[in-house]
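Below you'll find a set of structures to go through.
Below, subunit A partners subunit B and then partners subunit C, in two separate complexes.
Moving on to the complex of A and B:
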């Protein structure tokens, strides 16, 4: 018989290294001799979209389009350290460093423009479309190229450093504030359990993810889809087959990961609650999007067949045994 | 020793001659989806490979009078897409569809699946319940053997090194007959069968006139479940009969897999898999 159930799983997750550990990101931005913007950052792209959103942030500060920015990434001989692409920290930590580096460059360019244009102050001076101009009198302007020419051989370069604020928690009591900021996430799933074979199918799913601010909604959806598929595999498929410490499932023939057919359409709800210390309010979601998937699935299984599973992955073999055992217990207790 | 010579056969006679010449040192390759892995793992060490994947004489599906003939080098994709297999044979197509992935189905062959003789081979249970006969040739003669007799043990078949499996034949399905297939894989595609069941039935006046059942991955090879078949013979088409068969299969597996790790699960799960296959077969026999 096939039984359906729904389940919810939710989580809050502290991004960054946390617990008082030094978490530092650095970035450098340069106005090249040709008047082009070059961004140097050691953040690693692992498919999450770091290169895209970090460039978007720089473009936003400097009033140019992303195509106008040359990104130099992942080359340790010329890029400053932006820490690891881990702990869901690049958007928040390195985003902040880039924003600061670009704000510093913008301020430097405004200073030069004020001097060059003979203005009284920097009030009402804007940076946009590769030029610096006075908003109330746009003819008063100087282009990025002209500013670059004024620099001569020595290009204009500014740095941005961001050090995250976290404190070490009390080792005795576990009390304290070891992480900042936190990301919040909720999954709802519907499952169909075959009570004769123990097979579980995820038939519907929805994710509501707090992102602070969606710098790039499409990439966020991609990250949520990826995290969901990974969490689904973690919950019902990926079994190492450990026997006395030996991994028996040591190939993809028996260590199963979900295929496209096993993953249903995921409804994604992006929640924006900007974080004040974050670049444009944006927080990392890389890890958070997979954490609540397995709890939601296990809750849905409980809702469908009334058995509480506390071990993953919940393979058909384990689930069928749990269903049978549950039936026997109820029979003994006289409940059915 | 490594493979040092490969032949791409274009005519049956030529291939049979080559097989004779390289009798003890050669292997036949069609899709290669099993063989290449075995070669890499040095489980087989032929010096000569004879490729039969382009051999038109043993490719494709034909209806000869009331017989269906499938060329051994027919791919699963060809089987799935064949217009010659009518609705009653849906279970055969379903088994073919459940093999691996589209890439594998595009090159892997029916004959290869049979000769590799994996206990979990998807196409074997439906061919067993169709009472399939295999047509085998060497350079001098041809012979036929039932699929059931052909399968000797896990990975072992009654095929001499100079012989080639050419065709698989079975009686075409009649209006009151149906073939159902159900496979329990751990995911929806690219899954090796944990259990598979094929059921062939002939229904008359709401009674099972003939029943054939075969299971995969429940023994060291695909097998006919004759004791269970006998039990269902002449029984009415109803829930009770289905339950009777399911429980009988459970008992079979308890005996056969006694002491083995998967027994406890398989004896339970086979009941659901069997019921699905029987339901499909019965439905097809009525439409």
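Moving on to the complex of A and C:
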């Protein structure tokens, strides 16, 4: 028999190294001799979209398009340390460092333009479309290329550093502010449980994801898709076959992960609540998108067939046994 | 506020190269005259070892076989330096690196690996973290197997549980899993003047640079990391795998050296997610307000610490779930065993505890005859809430909005289904 049920999982996730450990990101931005913008930052693009969203933040500050910026993150000899691509920290930490570096470059370019254009102050001076100009008389302008030429051999470079704020917790009581900011996720699923085979299918899913502010909504949706699949694998499929310290399932023919066919269409809801300490209000979501999936599935299975699975993965064997035991108990209690 | 570029669906800047196959992953790198490296790994979980490389060295085409004798500082690790680059006296898990063969072809390197003899003098292993915590358990390292204990104390749980109308108590278990990233580890190292260059996919190139310079005992500026396209990571590329092996080989031999792991080797080479045993007791009053929670969480970090301390701390801090609970007691432990080592993986301790706290919430709601969503709304964090660690949530806490959004959609979906 096939039975359906719904369940939700509600979670929070604290960003960063945490517990007062110095969590520092550095970035450098350069106006090249050709008047192009080059960002140098040691933040790894692991597929999460770091290069894209960090470029977007820089483009926003400097009033240029994403195509006008080159981001270099692949070489330790020319990039500053931006910490690890982990702990969902690159958007928040390195985003802040990039934003600061670009704001510093913008301010430097405005200073140079004020001098070059013979203006009395920086009031009303805008940076846009690769030029710096006076907004009430746009003919008073100087291009990025001209500013670069004024610099000569020594290119204009500015730095941005961001250090996150957390405190070390008390060793006896655990009291303190170990992470900041926190990101919230609430995911709901509908499952269909086959009571004869023990197979669980996810028939519907709703993912409400707090993001602070979405820098790139499509990339967030991509993260939700990937996080959901990973959470689903964690709940139902993935089993190393670990026996006496040995991994028996060490390739994808026996270490099963979900395929596109196992993942339903996700109803993805991006919830924005900007965080003032974050760049443009954006919080990290790389991990939060994964963690509410498995508990939602577990609760939905209970809702469908009335058994609590307290150990994952929910293999068909484990689920069938639980359904059988539950039936026996009810019979003994005279409930059926 | 409206922005021109932020908030817009800009195409991924690395997208075109990846979908057209033009992106360069470490495995795609080749150099003139490069050599191939292959790692000999432990096949026992806990044993003293004697290694003999003499016969293997005689094989035509073998350039050098590296063991612990060849590494200036034979240790590394993200927090504790408890990994050896090559095991010197004993192995602590299946997959521990013992030697690194460099040869003119991959086939010869493989042949030489088989020709190395390793005598294993086995000692008692422990695989269950609860057993590993006992006084008489075999020690994995030269200290207690319990490497960390996080304590969270708030209010008075004994008194609070007495005031509870409903209490649920359960044990939950999560399993050890793999990151299953698409691209198995690969790398190429070469000399650029007197600088050693290592090209390998990593999550934190500057930290790899530091670890290589420490292990080789050379200045940091003599090490350069090139981080080509990364084929997924999810925490599995935080701990060093082949980076030090490649750097050492190139530094000593002077020629480019390449290594590519098979999927099977990748599985034993990188970290796993910490399995946890979580004992939970949660109570609420008759009005459906959470009053108390007690949790005891044991995390199995396998043979090495990696990020165990940070992960078990994160599990402890997130153990309540996103709910206001005035009385909380959490103890979480990180424990060594002879299992594969566990480290960072997406969620990092905050992925395990929801398996427990969210089922506890549903069970309490059922006992209280309140629907699970209303029960969550009654207790969840909102602006101004204080977490169990005493942290004040001052802004950006849209949890109620998230719950309401899911309630709305899930209800309308459930109604759709009934109509079918």
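We take it that the second predicted complex is superposed on the first by the 336 of 336 C-alpha atoms of A that agree within 3 Å, B and C clash if a C-alpha of one lies under 4 Å from a C-alpha of the other, contacts with A are read in each partner's own complex, and residues count from 1 in each chain.
Quick note on the criterion: a contact is a pair of C-beta atoms (placed from the backbone, for glycine too) under 8 Å apart; a residue touches a chain by one contact, two chains touch by 3 or more.
Worth saying up front: this structure is predicted, and the values here are computed from it rather than measured.
Peer 1: Mind checking subunit B and subunit C on superposed subunit A, clash or fit?
Peer 2: fit
Peer 1: Does the superposition put A:22 against subunit B (first), subunit C (second), both, or neither?
Peer 2: neither
Peer 1: Give one of first, second, both or neither to describe whether A:261 is in contact with subunit B, with subunit C, with both, or with none.
Peer 2: In the superposition, A:261 contacts subunit B only.
Peer 1: Identify the partner contact of A:118: answer first if only subunit B is touched, second if only subunit C is, both if each is, neither if none is.
Peer 2: The answer is neither, since A:118 touches no partner chain.
Peer 1: Name the chain, either subunit B or subunit C, that contacts more residues of subunit A.
Peer 2: So, of the two partners, C touches more residues of subunit A.
Peer 1: With both complexes overlaid on chain A, does A:316 touch subunit B (first), subunit C (second), both or neither?
Peer 2: In the superposed model, A:316 contacts subunit B only, not subunit C.
Peer 1: Could you look at A:199 and tell me whether it touches subunit B, subunit C, both or neither (first, second, both, neither)?
Peer 2: The answer is first: A:199 touches subunit B but not subunit C.
Peer 1: Would you check which partner chain A:324 touches, where first means subunit B only, second means subunit C only, and both and neither mean what they say?
Peer 2: First partner only, subunit B.
Peer 1: In the superposition described above, what is the shortest C-alpha distance between subunit B and subunit C in Å? Please give a whole number.
Peer 2: 13
Peer 1: Mind pulling up the subunit A residues that touch subunit C in the complex?
Peer 2: Residue list for subunit A touching subunit C: 4, 6-14, 17-19, 42, 44-47, 49, 51-52, 55-57, 59-60, 63, 65-66, 71, 73-77, 79, 81-87, 169, 171-182, 184-188, 190, 203-204, 206, 208-210, 212-219, 227, 230, 233-234, 238-240, 242, 244-247, 250-252, 255, 257, 267, 269, 271-276, 278, 280-281, 283, 286-287, 290-292, 294-296, 298-299, 302, 308, 310-313.
Peer 1: Residues of subunit B touching subunit A in their complex?
Peer 2: 184, 186-192, 194, 262, 264-265, 268-269, 271-273, 275
Peer 1: Show which residues of subunit A lie in contact with subunit B when the two form their complex.
Peer 2: Those in contact with subunit B are residues 194, 196-199, 237, 253, 256, 258-259, 261-262, 315-317, 320-321, 324.
Peer 1: In the complex formed with subunit A, which residues of subunit C make contact?
Peer 2: On the subunit C side, the touching residues are 3-14, 45, 93-94, 125, 127, 150-154, 170-178, 180, 195, 202-207, 209, 223-235, 237-238, 263-264, 267-268, 272-273, 310, 313-314, 316-318, 321-322, 330, 337-340, 344, 346-348, 350-351, 354-355, 357-359, 361-363, 372-373, 376, 380-381, 388-391, 393, 395-399, 401-403, 405-407, 409-410, 413-414, 417.
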